[in-house]
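Common to both upcoming complexes is chain A, partnered first by chain B, then by chain C.
Right, the complex of A and B next:
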């Protein structure tokens, strides 16, 4: 619903005053509640569905495939209902999410590598059924849950099959054999190493001299700029980028001192979200 | 020659069913209550289809408006992870466009579009998992989605597929049967014996259509009863909420 200039001005005044009053009575550093389910799709290695009370709803499915090993082992696609395939939003979201996942050596250099020659190609496919505020936050939560629930088949030890082979000779990459897997799914191994959690993304909006986390669509309309922060390995890390949230009448920049404040907002609420997502399993 | 014994002499199919048995059928209404005006989810075996319905609402484009009746627009999205091997589908794929056109035409008969002129009804169907023909799942999900959105309709359309193993019709085929055998998708309006939708994949001998249709209509009635029960459950839960 489009807001009038008066309504926008009212919203902006209430958000920039002390104390900050948000339309849904949250604190500046409080996230909206989300609901999630995991392992919902029978045809995937891991899947999750995340819902937010504003009607945002997304489903993520993870599939893996054995391929010749190369550097680019993760594919991310985003499909948003109602938007065309060549629309900028799903494509830019997919790029950002791929960038975030590619910079996780915990999975790209570890769980996805089978041997010198073969690796798993991981496809993370996101379907956004509906959204009102920027879908990046629930997408990242859904990918978090889906990756956490992803299991890969257990690789069988190949040594017993070729006892006659000369073990002293080291194998070159070309000779690496085709991997064999255990067909018992209860023996499958989780993709994420023990104690490691996938990255989460947070959006923070700057409105005059205040910053608010997880802005609603109307809050983004009166904000000067919005940025997203990545939370990885228990700290804020790259990529941190400005986010195009459409043309707003107050368009401006993110002041450096607000950036520090935004940092601390993310640092305050990220561990709690991580914990609650983990405990829901 | 097929790798599978599609229909054994003892009368069993690849997944152990008899010729006239449906797969596990589960449906629910209002599964995405915040996201759209109407929503539903249908599971047929491992197939899974989610439907969200928006409208009747003001048309987004004036050019697509009809002054006499509501315009029904159907978009089918097939998720890349829905099949056994991952395949990315684009919305302008011929098969999907044909599917959405068929759905639009099928439901044009039962939706009382003249009651809401100058509006549009947008139906988004998301195929999350496909095991066999997706048409039947889409019809059932769309029917429940429209009912949940409160769109005035004459009756249900329940749909189910039939595959032909030589002369034996097999009800509700799975993906193995669908890929090996010619198959029909049949939709039935309400409790009538009339098929309002028949789509045949591959060629089917004329004298085998009758037994296939009979079996499909029987299956559709079972599906209709399950859907009807779920609609009543949803209605009661809404009534309870109003009373409170």
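Right, the complex of A and C next:
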């Protein structure tokens, strides 16, 4: 969307003045409130829907299947309602989110590994129904909730397996390794290890000498640059990357001191969001 | 043969009547069976034998005389395309715009070449719907000093079905803010224009003279903001949140209600509080 010169000028002067006045009166370091529900899709192993009061809406479903073990066990797909099939945004979002999840050894090296030969392939499918700011933030919150609610079937250990097996039959080496699962879903085990929370993403924009977190689309239009930060294991961590916001009139870069300020903004508000997401379960 | 019900709601695909004597209007369709079904969700209305279903929610449906706020999407051949949240972009003919130089000025070829100097892509303007076409498109005009490019503020959009059509769509509000409520759900919040008292009194005394007309027409296409104080900017943000609160609670939006909810919102010194859903609901409950 293109804004008029007067709109851009009004927004930019409001955002760069003291005090910083954001269009919706938020403070520079304040996130928009979001509400979430979990386990909304009965056919998935874990799912969540996250909504923001401005009408942003996003649904994530997680499914798993047993595959031959390899390094690449997580697939992320993103679909945004209303965008053409050849739009680059959904793919680039999926790529970023996959990169973030792949760098979580807590699940890739732990819950997804069944044995030496087999592993779970996790499909994280996201649909953005509507959005009024960059969809990455709401997507990461929805994936957070969905992963937190994901359960995988309990694996029967080999001892238990042997009791049910016909011992007179000889097994080939391949058969021996085929994992067996408990068909009682109440026995399923959570994907996320106890006390560990999935990563969250935050977007921060630099506008002249101010930094604002969770910018709206209009705020991004008057910003010099926008970056996303990953919050993992109670600290800011990689990947931290610049977001492509297209050709905006004030295009520029993040000054190093602003980067530090952005860092502290994320550190200030991430634990609160994490807590509110966890308590809404 | 049942009389259709005019009280309840119809959902898409619901049978309205199997009586072939009714004529089918907007929001209805028929199949091989000659029965009338609803194609949208809404209320049934009739004019003599014509049945129409008026949808509860949806895109803006232009009506002649509506005061709208729109955004230029395209500069074309002797006309601009204006996005106003309807099914199609509206068209604004070069001939339907007051250009600087007085009402009687003739449009020249130069004007045609310089159309971007008056209005360009992204510009917001308020205008009036002059004509509605069969296909849902419409033509606009800005032939009044009330209409023109919008400045000194920001846009707030709400669903068009929440807008109450009133005689005047421009409201001077508390705190030096003026709201222009477009019938299409686009609301422009700006610094109040009423801070030029001496000019207004002379106008009342002498009527519009030629010079004033010229300067006002130039003002219509002005592309820069005036000086706006911090307080006014904060008030505009607060009104923005108030309007969003009304929209979230599905309350109709009109001038006196904006004044009312603004008064009520002053209880919360920090306007960021208005983003919370409990606060929004609390404010809307207080309204008359």
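Operating definition for what follows: the second predicted complex is superposed on the first by the 262 of 281 C-alpha atoms of A that agree within 3 Å, B and C clash if a C-alpha of one lies under 4 Å from a C-alpha of the other, contacts with A are read in each partner's own complex, and residues count from 1 in each chain.
Keep in mind that, in the parts below, contacts are C-beta pairs under 8 Å (C-beta built on N, C-alpha and C of every residue); 3 or more make two chains touch, one makes a residue touch a chain.
Treat the numbers as computed from the prediction; the structure is a model and nothing was measured.
Peer 1: In the superposition on chain A, see if there is space for chain B and chain C together, and answer fit or clash.
Peer 2: clash
Peer 1: Touch test for A:57: chain B only (first), chain C only (second), both, or neither?
Peer 2: First partner only, chain B.
Peer 1: Given the touch rule stated above, what does A:5 touch, chain B (first), chain C (second), both, or neither?
Peer 2: In the superposition, A:5 contacts chain C only.
Peer 1: Would you check which partner chain A:92 touches, where first means chain B only, second means chain C only, and both and neither mean what they say?
Peer 2: A:92: touches no partner chain.
Peer 1: So in the superposed three-chain picture, is A:103 touching just chain B, just chain C, both, or none of them (first/second/both/neither)?
Peer 2: neither
Peer 1: Go through the superposed model and pick first if A:127 touches only chain B, second if only chain C, both, or neither.
Peer 2: In the superposed model, A:127 contacts chain B only, not chain C.
Peer 1: Which partner does A:280 reach: the first (chain B), the second (chain C), both, or neither?
Peer 2: Neither partner.
Peer 1: Considering only the touch criterion stated at the top, classify A:210 as touching first (chain B), second (chain C), both, or neither.
Peer 2: After superposition on chain A, A:210 lies in contact with neither partner.
Peer 1: For A:82, decide between first (touching chain B), second (touching chain C), both and neither.
Peer 2: first
Peer 1: Superposition on A: which chain B stretch among 25-33, 79-87, 115-123 or 133-141 collides with chain C?
Peer 2: Stretch clashing with the third chain: 115-123.
Peer 1: Using the superposition described at the top, list the residues of chain A that contact chain B and also contact chain C.
Peer 2: 53-54
Peer 1: Within the complex, which stretch of chain A touches chain C?
Peer 2: Interface residues on chain A, with respect to chain C: 2-7, 9-11, 13-14, 17, 19, 21-27, 30, 32-33, 35, 53-54.
Peer 1: Would you tell me which residues of chain A are touching chain B in their complex?
Peer 2: 41-44, 47, 51, 53-57, 59, 61-63, 65, 77, 79, 81-82, 84-85, 123, 125, 127, 129-130
Peer 1: Name, in rising order, each residue of chain B that touches chain A in their complex.
Peer 2: 32, 34-36, 46, 48, 50, 52, 75, 77, 79-86, 88, 90-92, 122, 124, 126, 128-130
Peer 1: Under the definition above, what is the set of chain C residues touching chain A in their complex?
Peer 2: 71, 121-124, 149-155, 223-225, 228, 230, 233-234, 237-238, 240-241, 244, 248, 270-272, 274-277, 280
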